[in-house]
Structure formats: structure tokens, C-alpha cells
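For clarity, chains are labelled A, B, C and D in written order, and residue numbers in each chain start from 1.
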Amino acid sequence: MAPIDNDSPVPDAGRHSLLGLLTRGPTQLGLLIILLILWFVFTSVAPGFLSRFNLNSMGRSVAIDVVVGFAQMVVLATGGMNLSVGAIGVCCVMIAGYLMQAAGLPIPVSILLTLAFGGLLGALNGLAIVKTGVNSFIVTLASASLFSGGMLIFTKGVPLNGLPATFGAFGRSGVGPVPSLAIVALLIGALLYILFKHTVLGRQILAVGANARTAEMSGIPVGRITIFVHVLSGVLAGAAALMLTSRLSAAMPAVAGDDWLLPSFLAPVIGGTALAGGMVSVIGTILGALLVATIRSGLLVLQVGNFWLQLFLGVFLLSAILFERYRAKLAIREQTRRA
Amino acid sequence: MKTLLSFAARTQWSGILVGVIAGGIALSFASPAFMTEFNWFVMLRSICVSLLVAFSQMVMLGVGQMNLSVGALGGLVAVVTGGLMDVWGLPAIVAIGIGIVFGGLAGFINGWLTVRTGINGFIVTLATGSAFAGINLGITKAIPFYNLSPAFVAFGNGRFGPFPLLLIVPLLVTVLLVIFFARTVEGRYMLAVGGNAHAAELSGISVARATIMAHVLSGLLAATAGVLAVAQLGSAQPTIGADWVVISFAAPIIGGASLAGGSISILGTLIAVLLVGLIQNAMVLLAVDPYWVTFLLGALILAAVWVNRYRAIRVGED
Amino acid sequence: MALILDRIGKSFPGVRALNNASLSLNGGEIHALMGENGAGKSTLIKIITGVHRPDSGTVTLGGAPLSLSSPRDAIALGISAVHQERNLIPRFSVAENILLEGLPVRNGLVDFRRANDEAREHLRKVGLDVDPATEVRRLSVAQMQMVEIAKALSHQAKVLLLDEPTASITDAETEILFRLVRQLRDQGTAILFVSHKLEEVLSLCDRVTVLRDGETTLCGAPMAGMTRQTLIEAMIGRAERPVIARSGKPQEGTPKIELREVATAAGHGDISFSLYRGEILGLYGLVGAGRTELVRAIIGKDKLKSGMVLIDGKSVRIGSVEEAIKRFRMGYVSEDRKHEGVVLAHPIRSNIAMTVWDRIASTFGLIGAGKERKTAAPLARQLEIRTPNLEKLVGNLSGGNQQKVSLAKWLAADVDILFIDEPTVGIDIKAKAYIHELINGLADKGIAILLISSDMPEMVALADRILVMHDFRIVHEHKNDRKYETASRAIMSAIHAAEPVQTRTAR
Amino acid sequence: SDNKIALVPGGPHPYFAPWEQAAADAAKDFGIAAVEYKVPSEWKLEAQTELLESLAAQGTNGFGVFPGDAVGVNAILSEMKSNSIPSVALGGCAQDPTDVGLCLATDVSQSAYLGTKALIEAMGGKGTIVHLAGLLVDPNTTLRVKAVERAVGETNGAVTLLQTVGDTDSQEQGDQKINALLAAQKDKINGLIATGYISSVVAATALKNLGDKKIKLVGIDDDKIILDGIRDGFVAGTMAQNPYGQAYIGAYALDQMAGGCSVKADAPWIATPQTAHFVDSGTLLISAKNVDSYKDDLKALTKKLQASFKDTYLSCK
């Protein structure tokens, strides 16, 4: 496993056989294979699964999950965590609503200000972590409470539902069969991919995550990098918040928050991002979110469960990951055999 | 006295202990109700479940792993225990016994899956957590079990002066855990695995065994917390455990545990739980505007941790 | 009891680490296992200790076939090892680390008092004077190494495997170790000894097995009759060639860097010296003399208390390592490669290019794997880093090859001042010669080099001047004429003349 | 009809248990092809939205929804409407402007107001009360807070509101906060008004454990613990809602709407702070007097409402 989206080191043999294909390549390929299998199974059992309506709705919610996952992923890259992703998210939801509805600012201005606000909250996290030396887990745990508390104080829990119609319309729109929100998520993904794969900054972030002491001794400004990823995380949480606001055509205090906590970790970790830092996968995060959404949606369409749904969700998720584990094992064995 | 002070200065959790004590003193001036027997009872009772939940996660941090299913597992055990009493009319002791064994078993499943598949424990327990929650909802359909053994419920509400009877359980567990991690070979092995799994393996310690044991222990503790929650609430609510995740990590980590594993503090965890309990109690006693409660909770935790960190730097630790 | 490995094969993804490698290790002998970095020595040891399972071949112990599925099995059979990498539990006490496999128990509880007593006994044997209750993370590198040795010896194993145990300890400690090892041999223990220090091997061992590219090129040959040359030929397939000597000389004029009466928070006092462009200034001292700590203070990692640092004649304040590197163009090759030198989880190319990311990036801050590879490839070739390609994770390289990466990244960096701390620990002789040539070459290019090494011959071969440090003070300066005898005598007598140090409890 | 109707609560919650039976009864009584009771796996807007979308993808053509979030639910339901799938809000309302046809529910504001009035009456018209409120992020909480304040205000100072405690609508937090409140103020408090399901249960349990009958409690919903509290005298009363009726009549209305009926513009709608198309599903105070008979009262109420529903509120071709 190389740090990012592995360009597979052993490219030759076995290229033409199916087994060869299956047993090469990184986790991301494995996830893709699982996804294809699941899609195939779900469609053949429940035709509603691939209906335009269902795909569209899945696409939109995955898009938000993906960006939420990104917001966590960039911090995980340095070996830290951001438990306040959801709190920043809900603050941004409300700020966006306020800017558009109460302050009546033009949509693009509101968007920029919202993202900047997310970045600002992230910067507070980063500064607190670097200046106090308290670990990111505790700082962001406390700041989550600070941020969402602050939001409650200002809004008194009252939602805003008079947003400009065009803003909500964007959340429902699409280009052909692809929801606009999914395109936004992919664009953000592309930028992050470039960041981590092709820029110095991205490399530095990963180096800090994999070994902060070595990074420092190599002249990398560990403190500044830490602050930067938190700002980025805040901006991404802000982006996810805007997407959510657009999708719901309203800003309300009950969204994001704690609801984002686990999903923010789930997608990156399934996708191959290391909790310990130093290794991220943008594509993996997208596939991870897709996997979870596919399983949920598939179970819903199959009408499995009702109250039991969560049980099946857990079981399916585990089986899918087991499958990938097994495939990865085969892949390593294959590479070893060829050595 | 001097040595006591320097010991205190060196101990990881002394900063937050100072926070707890100072907070307690300030509060007793600010609100006459604080020092009443009944308030102490209420506060102590409220930390019983949290403490066990925190221990359940702390054990995992000890071996360098996480358990995201603590809440779901505890919740499942809660309704299983309640259901056994309500639907099958089993005596409390039997129901509790089965419930706790069930928790240990669920923990074993977590551990076994982590070890055998080599999948990150984070994902395994996230998935099993979902499964446990699903079983909980599936059997209850979100409707609580009410007909519990009266003696059991009485135990949940009984008190001895300011001390809730329930407190016996977490106190006993605290003592056992201190001995387990400080003085037993298995306990030391778990911490060794958390501190450096590779080195532990090379020293002939079975990492697999230690990991599974930690999961079982974590399951047992979460199960105990679930049972206690039922006793405390007087009914087996399917929502028990739903919001345990955050406190489960927060308390051990505020108390000095390292997320990287191998380093935990049982007393630190205890004090951290006390700190959070105290802050929450204060908010109600001082009739803080409800919209400010969340904000202040965050601010106070940050402040306490900051003080502790400042102390650590002064002592030259880390 | 004889341990026999017959035609062992072992592959990792992309690498065949062992190929029909054989070894026969008898009780009552010290058997040397030699080979270049990446030849497969550690892999072989890991097979004997149950860490890895062989792909092919057989292992027998005392005639019975051995199939180990974990280190526990090996320990149970009386096989004990000091591995090349440190393997201690950082937050456990010295005593607990030593006795981890068999903690003394009373009434079901660990008996720490007895553990401390027992451990103290083991520590005494290896001559390490630390409190057994100290947490291991507070020890120095050398002390940790001695703890590991004490731990391995405490088992009274039938088979003892020592993978470069002397790489990071001094001569005095090495002597103690050898005395103990010989005692064990005389009691019938089978001992396998890995080292890149040829003189050591020649004087200590009874037989020798040599690996080259995972194959045995010499199998259990008696050491009597071996010479340095024959060993080298067996390892690298040809004779040793002399190191190309330096062409240049230190430049005169303003020193590149000068320290005036520097005192540090770590305890250094009155440190003054000048280092010129094109000069290699040696800093010699026994372990714990404070050399590493001095360099850390200079590069802004630790605090300076007083005194002045001048660069190019101008007084400067260096606030952070980043500033030292970016603004003052300094480089630091750490002695602790695992924690400060390399990023184990990242590929070779990123590790080497790390220091020059800023420079090889395009205007928008973009770099790609290709650019990194272009930077890294020539250095990897020059240092002969043994790897199928530059994508391999540094953590999967052999120890010596990791050390090469840790050095290579600073060779890439194009610095003005380079601090090199123990550059050739664990490096095979061929690569060591290359590294010496590289260091010479860097000096010839005008770089000012401060070289810390506990390897006296290395010091004498490279340094223009040698400062001797003892107990955080510079006690002597030796103008090096590159003659080993005179230099070593002068240096050692300077150290002995200085006050004896009382042992301090680590930082 | 061959309509497929789905009844979707906000999440798993005991309040909705009667919906299951109501769904079955409605399908039988009105001859609807399918009336399904579908519960989102978690109490999250996201989970509810996904469930609604998935059901629509499979041909459900009428939704009775308890809005997981009064504002948040609008986006998906207006999309449903643009695909000609009608919806009604059941048990709680969607916030105007909305494409939800109508809201058949308890008026949260009115219920809290009436509950407080009942509490004040039980206290003899004077004293001090504390409001145990639900989740602060829930906009209904604000409505209830205002309603309680209004009822207190109407006493012209005879009753004072000592304190509002928020976020008591979850098991453990509720237990902790309510008990701490009692520890601090139990001698000063004469009455408690609980406006959340769990808040009510926890408050009833706490008073019973204390053995305190001086403090009057009026809660909401008819959990077994509360009903027992009423019987034992620890609880003065509780505001019953009519979940069965909501689901039963809701299914009926949806069947009609999916069959071409539309919501009348001029019907006797009640206007609430949330919506202009409100129909009261029936609220009544359960007290010691009617604790054993209130279910029949609710049934009668349901029958009556259903019988005239079509003519009163819908216009059909």
C-alpha cells in the first residue's frame, strides 16, 4: 500500500486473465469490484434500484457524504481528527441561511463567505491544537460543543426557510442523469486528488501524518501544516453544509452536528485512509461513501428489515470489507509468487 | 507534604482533579443546593453508567484499538436483560447474568473478527455496532420493556446517605481494573500490546489473544453499563447507549489515555467522568439558560484540559 | 544442540529475500552471519524466530523438524533474539521489558519488587547502570540497546541470535557483550552473530556463513584462516577497493558557522568552535557525551541558553528546524533513523525527495512521482539501495538500506552546512566506502560538515579536525593527520583526562 | 383502490406503535391495495429522506409522514408532489410554505398551552413551575417554550416560570438533568410541565422515586409509566395524542388524494404557527378521571373525524 492511490508497483504479468485483474491493484479497485457486484445483484433482484429516481437520490446524498468524508480525511492525513466537522457544518448551514435570507446577499457572495466562515472555525481548531499542544481529539471534541452551542445561542434553534429559490433548485438539478451536487463533490475530489498527489503541500501533509518528527527534521513546518488541514477541513465542512442547505432548500439547526460524526470517518477509513495518518485516498473515500449508500439503498429497495435494517447494514458492510480483505491477500500472494 | 505535592504535579490527571475540586468549591458557594445529600446522590448516580462506558472504551485504548459498538452493545444488553425479565419473567439475577454473558460474547465476536480478518477494528466495530443496534430495534420495535423485577429497580434508586447503591458496581470495577492493569500478567500484556504490538509479539505475547481479551472485557463493561442504565431508569429503553460514543472516548482521553494505545489511566478516567458530571450538574443548579449549556460545556472542558496541559509542560513531561 | 536451515526460500511482494539459503548452527559456537545490506540476514533470523514462515526449505532443531507459527513457539523452544530494530515497550519499566515473557507472579499478581531485583541482576551483568524501574522511553538509544541485550541474555536460551547488537553501542559496552557471549558459548549455547564490523567478527566468531542476494556463498566456513579480504570477497564478489581520497581542503576566511560560548538547556556549557566551508569537523565522544543534543540545539530543535551562533560571520537566532533548513541551508542526518530520519510508511522516492519538494515543484506547487523519481534515482543508484524499484516503502527495506535513504535525502538537499550523526550505523562495508566518498565529495564542493561518529576509524579517515566532547563540554581539539594510532591515542587520553562523569538519569 | 400508501414516522419511537395497527385497519376498512408502516432506521432526517425516496422509486403513491424535521422534510415532499405523489403530515406538521397537503396532528403549541393550563389548575392556580423541554435543535421546542410562557403569562403573576431545562428528551441526559433539578429546587417547585415523550417518562419516574406528590406533573403522551403515575397519584395528567387516528385517517385521506381528490382551499382549517392547513387529530387531557377510558374517547373522536373528513377537507371530481 503506497500512500496515495497506489500506482501499482508490479504492473506486468497476469494482465489478461480475470484472476490477474482481481489480484492486482489497490483497495480502491477492490471496492469498485464490490460495488459493481452489489449493483448487479440489487438491480436483478429489485428493478427499482436502478430507476432514475433512485439513482438520482442516491447520488445526491452520496455527494454530501463524500464531502463530509473529505473534511475528515484531510485531518486524518496528518494523524489528527476533527470531531467538530458536524458542528462546523451546522454553523455554516445557519450562516449560509442567514446571509442569503436575512442579509439578502447574492448567492455567490454568500457561498464564499460561508466557506470562509468554515475555514475560520477550522483555523480556531488548528490554532488551539498547535498553541496548546492538546491533542486534536480533545480540542475538537470541546470545540464541537462550543460551535454548536454558539449556533444555538444565536439562532435559538429557529430554522430559516425563505432561501432564494434558485439555491434550492440547484440542489435538485442535474446534468443529464448526474445530480449537480455529485458533480460538485467530484470537482472537490479532483482538487483534493491533485493536492495530495501532485503538490508539495499535499506531500508535506502526508509526511507530517506518517512521521511528524521526521517531517520536522526535514524542514517541514509541522505547526503550520496542522493549522492548514484544519482550515481546509473547515472549508470542506462548509462546502458540505452548503450542499445540504441547497438540497433541503432550507437552513436548520437540527442537521449535520452529531449526525456527521461517524459517516465522516466511515467513508475515508473504508476507502483506505489510515486512522494513524500519512495515507489518504480520495478515490477510496468516494467509493467508501458509495459502498455504504449502495448497501443502504439496496436494502431499502429490497424492503429488507424495517426495524431490522441496521442489522443487515452491519452484516453487509462487514461482508463487503471481508471480501476486499480476501482479495487484497490474494493480490499480495500473487505479487510474492511472481518475485 | 512536599512529596505529595510533587507527586500530584507529576500525575497526569492532577490538573483536571484541581479543576474538579475548585469547581466543587466554587459551586458550593454559588448554590446552596450543591452540598445537599440528595444532590450528591443525583450526581454520583449520574456518573455510574458513564464511568463504566468510559472504562469500556479505555480498555480498548489500552490495547491500541477502538470499540465503536460500546453504545449499541450496551443498549442491546439492556433490552435483552429487560426483555428476559418482562417477557419471560426470569428472576433479575438470571436475566442480568445472561445479559452480561451476552455482552462478553458480543465483545468476543468483535475481537474475533478483528483478529481473524485483520480488518481495522474501527470498521469491524462500526459494522457490528450497526448490527447490534439493528437487533435491538428488531426485537423491541422501539418499545421499551417495563415489567422489571421490583428489587432490581429499587436497587437502581436506592441510596445510602449521599451514596447511590448503584455506585457499588463502578467502584468495584474501578478497583478490579486498577489491579488488573497494574498487577496482573494479562493486564500488563494488554498494555504491552498497546504500547508496541510488534515488540510484544516478538516477546512471545499473543497479540491476538490480548486483543480478543480486550474486546471481551470491553463488551462485559459495556454490558454492565447497559444493565445499570436499566436499573437506573426503571425500564429497558431501546435508546439506551445511543449517545455513549462521545463520552466513552472523551473521558479516558481527558483522563490521560493516548489514542495511540498502551497508555491509560483509570483514576484519570474516573476524574474526567466526575468533571463532566460536575459541569452538567452545575448547569442545572445554576439555572443556566438552556441555549448556553452546550457552549459552556465545551468551554469548560477545554479550559480544564488546557490547565492540565500547562501543568504537564511545566513539569517537563512530554 | 544443532539448528539446521536447509535451502530456505522466502519472498516478499516484488523481492526474493532468500533463495536456497542454508545455515548450520551448533551448540557451543559463535557463528557469524554476514552479507551486504539487504542480503537477507535479518530475514533468516526472523524465520528462525517464527516471525516469518519460509516459502520453501526446512528448519530442524536437534534433528527434529521445526515449524514455527509465531515468536512464542520459538521462545518456548529456547530460541532468543536481539533483533536489528529496537523492540521495547516504551512506557514499561526496564525491568518489565526485560522480564516480559516471564514476569514474576505472587498470588496471581505481578511481583514488581522481585522483578526489579531480578532485572537489576541482569543489568549488572551487562554493565548497565540504570534503575530498573525507569521507563524505557526515557533511555538513550545505546541504553535501550543494552536493555535488549540484557533481555535476550536473561532467557538462558539454547539458541541466541544477535542481529547487529553492536551497531549503536560503544567499544566499552561491546567488550562486555563479547565477554558474556563467549561465556555462553563455553556453556554450550549456539550463538548467531550478525555485524558489519569485520574486525569484530574476525576476533569473536568461530565459523562464518555469508549471504549474497539471499543465497549462501559461504556456508559455515571456519573463521581460522579467514581474513578481511576473503570475507569481503565472499560478500561482494570482489575485492575491496580503497576509498578515493579527498582532493580539496578546508577553505580559509570567515567560518561558515561559528559557536561562541554556547550554553544549552540540555546542559552544554562554554561550547566554542568554528567550522569552515569545505571542512569536515569531527565531533567525537563516548555515548551520552552530549553530541547529538548539541546539534539539536544548533538547528533550533532544543533551546540555547546563552552564547552566540554566527553564520558567515553574522550572529543569528535559529528559531525552528524549518528556519535552520530553509533559511540557513542546514541539513541534519539523524542518528535515530526510524523516528527522525525516514517516513517508514512512504516510498523511497518520497523520502529522498522530501527535502527538495519545494525546489522540484513547478510554479503552482505541483510535483509528481516522476519528478521525485528523477531526484531519487541517481542517489539510490549511487548508494546501491537494494530495492526492486523506488516505490517500495522504506519500512520494508533492510535496516542498512533504510539508513542509506536517511542519508540520501540530505545528499539531495544541496545544503551549505550538514550535520551528520552516526552515518554508517548498520551499513555494509561497500556502501560505507561509498558514503565516505560522498562525504568527502560534499566537502570538496564547499559544504561545511560536522560529523558525529562513534566509529573511531571512520572519524580518523574523514575528519580534518576532531573535537572531543565529554560530559557536555569540549575538552580537546585534535588536528587530524589521518593516522589512526596517533589520533585514537590522543582522543582517548583527552577523554580519560577529563573528570569522570557521574551517571545521570536520562532526560 | 390499487393505491400504495406508506406511513413513515420520524424514526423508531414508541409513540408510533399504534400506526402499525392503524395501517392494517385502514387497508381493510377502505379497501386500499397496500398501506405500509415503514420506519426509518434512525431518527435522522437523512434516514427518513432515503426511505421516502426508496419507497417512491418502488411505486408508493401517497405518503403520510411525521416530519423528522418540520422544515427539512419539505424538500423531498415537494419533489414528490412534482412527481404527482401527494403527502400529508401526520402527528406533527411541516412548516409552511410547504407542498404537504395538510397536517393532521396535535397542535404542539396548543397542546403545550393546554397542558400548562391543566398543570396550573392542578396547582390551584398559583405557584412556581419548571418546563422540561425537548431537543433544543427541534424548532417545535421553541413553539412549546413560547406556549408555556403564554399560559404562565395569562396568570398575571400568580404563577412564575422558574426555569426551562432543555434537551431532556433523551434517556440519560433527561435522567441526569431532571434529577439534578429536583435536587436543587424541589422545595421551591410546585409544578413540572414536560413537553417531550421521554422527558415526561423520566420526570414521572423521578417523582415516584422521590415519593413526592406535592410537585404536580403534567406530561405528554401515554407511555405506560405515565399512566401508572397517574393511577398512583404521582402524575397529575398528561396530554394524550391520537396516533392511531392520525394514521388511520391519514391513510384514508391519502387514498382519496392519490385517487384524484385535492385539498380544499376553504375548509375549516385551523391556522397554527406552523401551517395554515391544520386539522386537529384530537388532544385530550388524561387524568385520574379518564385514565382507563380515554382510549375509547379517542376512538370515538377518530370515527367522527373520519366520517366527515372527505366532505369537509377534500374536493373530489
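Methods note: a residue touches a chain if its C-beta (ideal position, glycine included) is under 8 Å from a C-beta of that chain, and two chains touch if they have at least 3 such contacts.
Fair warning: this is a prediction, and the values are worked out from it, not measured in the lab.
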Counting contacting C-beta pairs, the top-scoring chain pair is A-B
At the largest C-alpha centroid distance from chain C we find chain D
So, in whole Å, the Cα centroid of chain C is separated from that of chain D by 72
Dist(centroid_CA(chain A), centroid_CA(chain B)) in Å evaluates to 29
Dist(centroid_CA(chain B), centroid_CA(chain D)) in Å evaluates to 34
Where chain B touches two or more other chains simultaneously, the residues are 134, 137, 141-142, 243, 291, 293-294
Chain A residues touching 2+ other chains are 152, 156-157, 307, 309-310, 313
Each pair of chains that touches is included here, namely A-B, A-C, A-D, B-C, B-D
Listed in rising order, the residues of chain A that touch chain D in the complex are 46, 48-49, 51, 53-54, 57, 61, 152, 156-159, 161, 168, 171-172, 247-250, 252-255, 257, 259, 296-297, 300-301, 303, 306-307, 309-310, 313
Touching chain B in the complex, chain C uses residues 49, 51, 70-72, 74-76, 81, 83, 86-92, 96, 100-101, 103, 105, 108-110, 112
Chain D partner, complex, touching residues on chain B are 31, 33-34, 36, 38-39, 41-43, 45-46, 49, 134, 137, 141-144, 146, 157, 229, 232-235, 237-240, 242-243, 277, 280-281, 284-285, 287, 290-291, 293-294
Contacts from chain A onto chain C in the complex sit at residues 1-3, 7, 9-10, 194, 197-201, 203-204, 206-207, 210-211, 213-221, 274, 278-279, 332, 335-339
Per the touch rule, the chain A residues reaching chain B in their complex are 83, 128, 132-135, 137-139, 141-150, 152-153, 156-157, 258, 261-262, 265-266, 269-270, 275-276, 305, 307-315, 317-318, 321-322, 325
